[in-house]
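So that you can tell them apart, the chains are marked A, B, C and D in the order they are listed, and the count of residues begins at 1 in each.
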Amino acid sequence: MESNILLINCPDESGLVFKVTGILYKKYNLNIIRNGEFVERNFNHFFMRTEFSGTFDKEELLKDLYEVLPEGVEIKLTGKRKKDIVLLATKEHHCLSDLLIRHAFNELNANILCVISNYDVLEDLTRKFDVPFHFISHEGMSREVHEAAVLNTVQQYNPEVIVLAKYMRILSGDFVSHFTNRIINIHHSFLPAFIGANPYAQAYERGVKIIGATAHFVNIELDQGPIIAQSVIPVDHTHSSREMAQAGRDVEKNVLAKSLKLVLNEQVFVYRNKTVLFE
Amino acid sequence: MESNILLINCPDESGLVFKVTGILYKKYNLNIIRNGEFVERNFNHFFMRTEFSGTFDKEELLKDLYEVLPEGVEIKLTGKRKKDIVLLATKEHHCLSDLLIRHAFNELNANILCVISNYDVLEDLTRKFDVPFHFISHEGMSREVHEAAVLNTVQQYNPEVIVLAKYMRILSGDFVSHFTNRIINIHHSFLPAFIGANPYAQAYERGVKIIGATAHFVNIELDQGPIIAQSVIPVDHTHSSREMAQAGRDVEKNVLAKSLKLVLNEQVFVYRNKTVLFE
Amino acid sequence: MESNILLINCPDESGLVFKVTGILYKKYNLNIIRNGEFVERNFNHFFMRTEFSGTFDKEELLKDLYEVLPEGVEIKLTGKRKKDIVLLATKEHHCLSDLLIRHAFNELNANILCVISNYDVLEDLTRKFDVPFHFISHEGMSREVHEAAVLNTVQQYNPEVIVLAKYMRILSGDFVSHFTNRIINIHHSFLPAFIGANPYAQAYERGVKIIGATAHFVNIELDQGPIIAQSVIPVDHTHSSREMAQAGRDVEKNVLAKSLKLVLNEQVFVYRNKTVLFE
Amino acid sequence: MESNILLINCPDESGLVFKVTGILYKKYNLNIIRNGEFVERNFNHFFMRTEFSGTFDKEELLKDLYEVLPEGVEIKLTGKRKKDIVLLATKEHHCLSDLLIRHAFNELNANILCVISNYDVLEDLTRKFDVPFHFISHEGMSREVHEAAVLNTVQQYNPEVIVLAKYMRILSGDFVSHFTNRIINIHHSFLPAFIGANPYAQAYERGVKIIGATAHFVNIELDQGPIIAQSVIPVDHTHSSREMAQAGRDVEKNVLAKSLKLVLNEQVFVYRNKTVLFE
């Protein structure tokens, strides 16, 4: 039997768990597989994620939930199924390779619909895995025109999630606004340190002893979106800036894969520019 | 208002969360502060930990819970308060120092009633912090007689938890059986590697690149009790066996402090010789 | 100008660094790029690794070194160049994929001559990257006959290093003896914990809070060879044995890649069943 | 026999190791215990650290070294002995406790001459360990007058190293200039993220998934001095700002202890606002 995921967030009040489990268990006799709750204490906001199986009418269940839950509640009810995703890349292969391999071996809970890049460097790699590749060069184009072309291609695929797998171009607020909390970026630094360009050069210059990578949703403000996952590795004075970048690549791909998995499995809430994770 | 902790574990069945939250919310109008559930899937066993505040009659609440919950349920209902603990040590100070300092600055959710040791090396340290110290030498005594003396002293204090803060003597099954899942030991190795004596010498001999420490409840079988927490640090060929031991000390004290905190805060279930943690 | 790597190990005595640098600098006027020494203190054994560039006659340089260094010295002098390697695999793809991708993008300091497997599962993947694939099924064959067939194929390629990229068959002492300290295995456990089969099932059963992977040279004694690299990740009670295995895969491929890099760059000495690393 | 430490840094050129080991071995017949070199490739700068034992005239040895080494060389020759240090603290005890305990058990290669604080909160703790405590309140004083009083007290002890063990006042350039690369600070953040006040509040606000601590030498520019050591721990959405701070304390004390050990053992070079470590 297919399992379902129910995501609820609303202002906290007494009895929310009782009310929701009451509907699922008493009224619909659904089988709860996994259940988690969290209350954010600064703003008293309630989050609940429930996986369940059983037969039900979606519209009716939602109606029942809205009835007992407080005003302003957000409810998402979705089947546990593969999501459609599109990958954007530039020249570096490590994040793209990693996702293509996982996809090829059915380890990614997603269908990669296509790869879009402003260079053709990764076309061969992508085609090896029978994934469509769109080369949309930015050369000789204004930023706006190029982005419009990319947006147009993306929209033909109608993806649920967009992954910036080392896509090295800045997206406009307009682009981002089409996919709120649905674009995942991997930033090659331990945000909020080294915001902006060349973080490894900055890290080298500063003489840090640890470098890291950050996967986050993309917001209008560059590098400021909700952080999903971070990871680090030790470095030392023997690492050149280039060696730091090399060492950082494995961390980048692991963090991106981890955060994408969380998003695909509906384990991520976004609230006030932060994430609440049900791991 | 004091808060309370409710721990429930029982065979899983439908509606458990609904039933428990129903009693807490509907019947007693208690305020749930934090709630967590886990279902172990191999044996379909249900675990629930709830923190709540409000007024209630303990006997009545327990009666109501037993009524709706399946046979074989274990329920623990306790106030969120400092627990009484006793520390056993031998000669090494690092774990004892760490706990005495945290205790002195009110960072340990416990009253350290006394320290018992088979050497007097740590007496000065202990007395600095105004904690009673019992020196019970094992010299010239049989293992049984010495242990009986230690047990006798422990029992005078009636502790809820006993911490083996680098107590280097093996406890008998009889001793252990007085305090089931209430004795915490820090093992100076990444169990189950290097079981037994001199784990750092073993680790050095084997040429490992990582060493660790394990905090666990003490069972009748040496080093085989339920693991509460583990941590590791990297080492390399430049570390002698003694340097590995030195490096391991910081890990040991951190892991012991972490696991003790989990136990004192009632975040640990023991089930089939493993722990289920609500962190 | 090509750079060279000089590896020396011998019983320690005074003046070794002076003598070696004297030959390189005074007699041959070579340019030392990077230099490291280590003295193992238990057995007073000296290790030195030097990268240098410049013109010299190899036979003569070696002769000069042997002349001033103590009896029993082992000297290896090699160009800094790509090594020829052969990969053995079974059914799991993650380590193989990782190495093939790095190879394809010229990030591995090696030529992958071929992949040999006792299943054909990974043939498609391997051929995507234009690497020869030899399917040598073990079905209906004795262990000896199968291994002889594998050995025969390996020897046709004359590799300098053999990588067991999740090759799930045990190699005989005879096979191993052809390639002393030249076969690298990735063991899916944090050795020496969980030696043998199904380490993730063992780890799950024991309720550990950390799992890991170990890359080591293959010895006649199974899982007992010199450890090159280890790494770990945290797990908890929510991980099933299968989920531990999944989580372990990323660690495995990273540790294998790291240790292979060390071996390919001649950064690893083996001494008394342990490794001395110049990182 | 006492061992000695020789630290050399100078512009790189051919033959430096040969020349230095020549003097130590050939001329003085000294016994090299441990030796390390590093060449910084951006500016071609050479670093060498040698531990050796044997009899020699210090002035003469230095003269011989200056003779063969390039202009601009910096040479430090020191016995391997306990250094005199002074600790500055404010109200938080965790770093101070940790150092006092290590000192009490002879694990710190230093004599703690005194503790100076702008509060009297930690006086009891300090006196338990028989270390002089100077309470120099800043209340009703200008920053300049208070700092002058602190400086005056520090100078009476003539320490070789000053440790800011959570000293929460900013030191002026004038103060710092008396102790170049001799003041170690622990910054409660993973620099360069969250520079300035309340880093845990900043980290909480940003929703990071990892927090850390940084030990660094103090420079005229706040939080910008050479980094000696860094470490991190994972956090998540369940951590309040206060819980992040609690979690951070163990990291802070460990990183401070580690970096102090490196400094006390003369394992740290400072070059162009970065550190080169011989670990």
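One rule holds in what follows: contacts are C-beta pairs under 8 Å (C-beta built on N, C-alpha and C of every residue); 3 or more make two chains touch, one makes a residue touch a chain.
For reference, the UniProt names are A, B, C, D = Formyltetrahydrofolate deformylase.
Predicted, not measured: the structure shown is a model, and the values here were computed from it.
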item: Contact-pair overlap exceeding half with C-D, pair selected from B-D, A-B or A-D; value: A-B
item: Between the pairs B-C and A-C, the one where more C-beta pairs touch; value: B-C
item: Distance between chain centroids, defined by C-alpha means - chain B, chain C (Å); value: 41
item: Centroid spacing, where centroids are CA-atom means, of chain A and chain C in whole angstrom; value: 36
item: Multi-partner residues of chain C (at least 2 other chains); value: 238
item: Chain D-touching residues of chain B, taken from the complex the two chains share; value: 93, 97-98, 101, 104-105, 125, 128-129, 238, 250, 254, 257, 279
item: Contact set on chain C toward chain B in their complex; value: 38, 40-42, 190-194, 206-210, 212, 226-232, 236-238, 240, 273-277
item: Chain D to chain C touching residues, read off their complex; value: 14-15, 17-18, 21-22, 25-26, 29, 31-37, 39
